[in-house]
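Mind looking over this structure? Questions follow.
Note that the chains take the letters A, B and C in the order they are written out, and that residue 1 is the start of every chain.
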């Protein structure tokens, strides 16, 4: 099911080069500096993944959205709340059957590619799922998952993961990270500081989050100054548990500095429940400036992920919550929006700001020119929908000539689906090899340079950018 | 002139696969669910195409725009009104000579590709037009066109067209469609309901069109409620003559529901000749919602084609009318614009909304994520300028990974130029084969899957999406 | 270091065709109708390029921006003001060492490609710069630059340049162009009229420039009418020294005609130092209309380069001035913005308006459809960041099918770095050969057509579009 030359261009010259380049780096450890795996998996040495549905389907909105788009109701893809002590049983098997019977929907999609890789490499299954083999596959996988060799920690080691960063709210107490450290297990799982919930004034239940921020930080957050102090406290706390980076989502990458007085007025208005959408946008734009300042002071790398319209499908959101495939990208503008931040901090060598986009038209127009100029700015890898064979190809095509390879940061898997991590890194490594092979085949770089570029793309750029 | 491997990638592995995949589907019937051929051609069993200019040049603004862009006056490419009973004669031959002498302008364009295909496959001409052979080709083609084997009906059968949809105004009486049915000829030519002329309040002569709507529907349109009733009547009438779909053009894909009271106020203002541009935009956005509602009720598939700035060249429009090459695309935004419609109807399995774009930057950013989530939404094939070898390649590249093949609808030829239909479908089929061959050559799908995908791309997706 | 097949696709069929097509045109003369080389170089028969830093680094913001983006301070890449009579010496060598030690930063960038070409083809150096060979290369190049064979005029002849256009302010006296003519040297170096400094009311020191315009034109510029007269005088003066074109930069391509009265009001307001940003934008939009009118009258080809946000990095601008890599593209809109100009002048065969873009999303959406319709409009080659192997490939891919080859204008090198001219044209010619070879290999054009297209891409289109 997995051809050794998969994803390589069929031209024999280029393919031979790609194979050689890929071979030279394929066994390097996985650096995963940005992702969404649940740290709880590694806190308990006896944790398991449960069954195939809990592993492959429930946590993966790439999978459920595709099934939903073809008219399969989300009700049929969800587990109802179960009586205490009762396993998912029959219901889970029914979801698995739907998934297998519809496996053709994933043809030519990255999900299809990752799923094949996981089934084959992780579980030794070398047939495509179908209505006919659904039950047999279910049993095979379930049996494997019950064995110690398939515990999260065992797979972490088998996957050769050097470091795995999770993403955690500013208000998180990081108890699972603490448990991992306390357990003596050597796997490096580190948190990432994501303060969106308290920074974006229009987050649902914002005020409750601020109260929680007070509680966990020990700083009584009553105004803008105490809010900043609490954030600084949390950043230090995250650093103490290994964090190297922060992460910020925003509808747009707008940045703009306002006075501390005005920031406080907006904050107070929010505390009184009176902040409107314009207030929230203004405050977020300002807080991105503050976050850059704090990064310069404490050395945490800053990541910015703008441009996703969250929960576009209100009905699905109301019935099934977030992360069901209803987040849709919007046009994004960086040149004007990042101007204030870059003018204030973009020349400061202490800052590393890594920017991501869902709007590929910004690659060659805005982001590559910006990353190819400002010392503080680096361009993150292809994100979300664009973490795909063609998306990665377009990224190499549209970014590298202008930004320069060395102003990029290697790969992020950005996933909740732990078992897809090796698959995703493998796709990146293969496409990186194919890209560099194309440069060699067209005589733009020589083979020595090519090998050096491969090491950078696999581990060097990520280690340096994230200060690992 | 037509190489059997044309349009296939030159890599031998990929080409061999492409050839094999193409061979397996090339003789399948043509499904043409969206186009602009004049139904009159098939109503009269004795209709002919006239001469080469009437066939190849006059109805094809792709051809005239290119000649005009190079400084050839449109006067030299147009037939003046002729005295009754007099044929185009000398003047037509002069247009043909200009076309042949400038055939190099179509190098590497899709028009050039289609024209070569038509000349060779339909007329057996295997030399490129030039000043030297213009007269000879004119005579050859004219002679053929006069023979029964080149009548529209004969070519319809020779082209192996299973179904051909035309596009017709809401006020059209469909007399040609009725004549086709009455004639007993088995060719399936069906109308498509396009209500733009009455829905867009700023259409020239809108009020006269409303009066005509009253006349043909038998509903006296005096307010918004009677307007809706008249539209419903027309939809039923179109369905009775085989229609399966509606088609809607709008400058933007804005959708927004207003109250029936407000809709009526806007409608009344338009009846009094007082509606302004903002009123018209608001009404169109609302009517798209109403059209989706009616589609859910009557089962007609809804098509939306936004983003063309019509008649950009005022001078050409005033002297020569519409459809002379002066329609220019604009930036288009779907995520926000479709939100109201998708939130109200996007989860309803009874609706099929097929969206097209002239702004390719929306493929990977907006349309593929939307189509890969909402059950009601499908993504139409590359449209207009993008119905070209590179345009089709970009579509496969940028759409399929995220939308999934099964959320697309196969091909539309969208043409007024009847004889170009087989050429256009052949280009699509060849590029589909080349795309799928690339997936097989890179080991992303296997050959069984590939054959299944080819059948879908050729007939399956179109038949299901358009409920044919 | 320079493989004879570089930049050609590795597929053997396509590569053999590309090689054959490239061979047939590679020795044709260089037409350089748009660039920024300093004419002073050719005015003095004894001019030299100085040292490798003065040649390769100081005038090339593509090079300095990349070094700066990786944290190398611009101070370390700049020459301080030197005492009279003292050469750059030690400081220059230190800059060269930094450049060589960081040569890997240019991997897979167009700068890297051009630099390799220059080192090898112009200076006979066939090793990549590195920390180890920096001093040796410095000495080798310096020695060569001192010899008469490496004088600007000698290289101009060796490069086989048929015509080289510079870019000159409206207020320039063109003394170097006059000196070149007076010297009897046969090299054709011609000025290009660029009036941005006086047309854009918000240019720094605008009023001083207007005074200078009065002085050089002999027209006392006191109002809008005398301003137009002065511009007409300068255009005539430029023409008398061989100019064939004008060049215009603007933040957006907005065009709009205002009354002469209103134009005069804006102009008077600017003379009093009271014009604001909106006034300046309005006046620029109007002046683009006036420039088109003057082009129709005097026959100068009009070039428009919108969409660059100049001096985005304020700190760098204040310390080091313009052209240090801090110009960043913005989204650009042409369909609506060019409407007024194209409606008034776009059908006039006397006008040639060549439009460039930094926003590649406009290629297939706006510019190709516009250029494929309006007789006056042509599409310029890929500009700035997009003058790169992938940028050129995307241009061919996204422009040609809709615009048609004959509505494009060949290549511009657009460079300040004189020695990179052959490298840049060579990249274009190779990629043109590779593109056309791809068309032949996929049987879209035959070999005769291919050869004809190559000649057009190399010299024909440029000569005709620029009326050379």
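By our rule, a residue touches a chain if its C-beta (ideal position, glycine included) is under 8 Å from a C-beta of that chain, and two chains touch if they have at least 3 such contacts.
Small disclaimer: the values here were computed from a predicted structure and weren't measured.
S.K.: Suppose you list every residue number at the chain A-chain C interface; are over half of them used by both chains (same) or under half (different)?
M.R.: Shared-number fraction below one half, so different.
S.K.: Would you kindly give the rotation angle relating chain B to chain C, two copies of one sequence, based on a CA superposition and rounded to a multiple of 5 degrees?
M.R.: When the C-alpha atoms are superposed, chain B turns by 120 degrees onto chain C.
S.K.: How big is the gap, in whole Å, between where the Cα atoms of chain A centre and where those of chain C centre?
M.R.: About 40 Å separates the centre of chain A from that of chain C.
S.K.: On chain B, where are the residues touching two or more other chains?
M.R.: Residues 11, 361 of chain B each touch two or more of the other chains.
S.K.: Where on chain B is chain C touching in the complex?
M.R.: Touch list, chain B to chain C: 2-3, 5-11, 65-66, 68-71, 104-110, 112-113, 309, 312-316, 325-331, 358-361, 385-386, 388-391, 394.
S.K.: What does chain C use to touch chain B in their complex?
M.R.: Residue positions touching the partner: 11, 13-14, 333, 335-336, 339, 342-343, 346-347, 349, 361, 364-366, 368-375, 377, 397-398, 400-402, 404-407, 438-439, 441-445, 449, 452-453.
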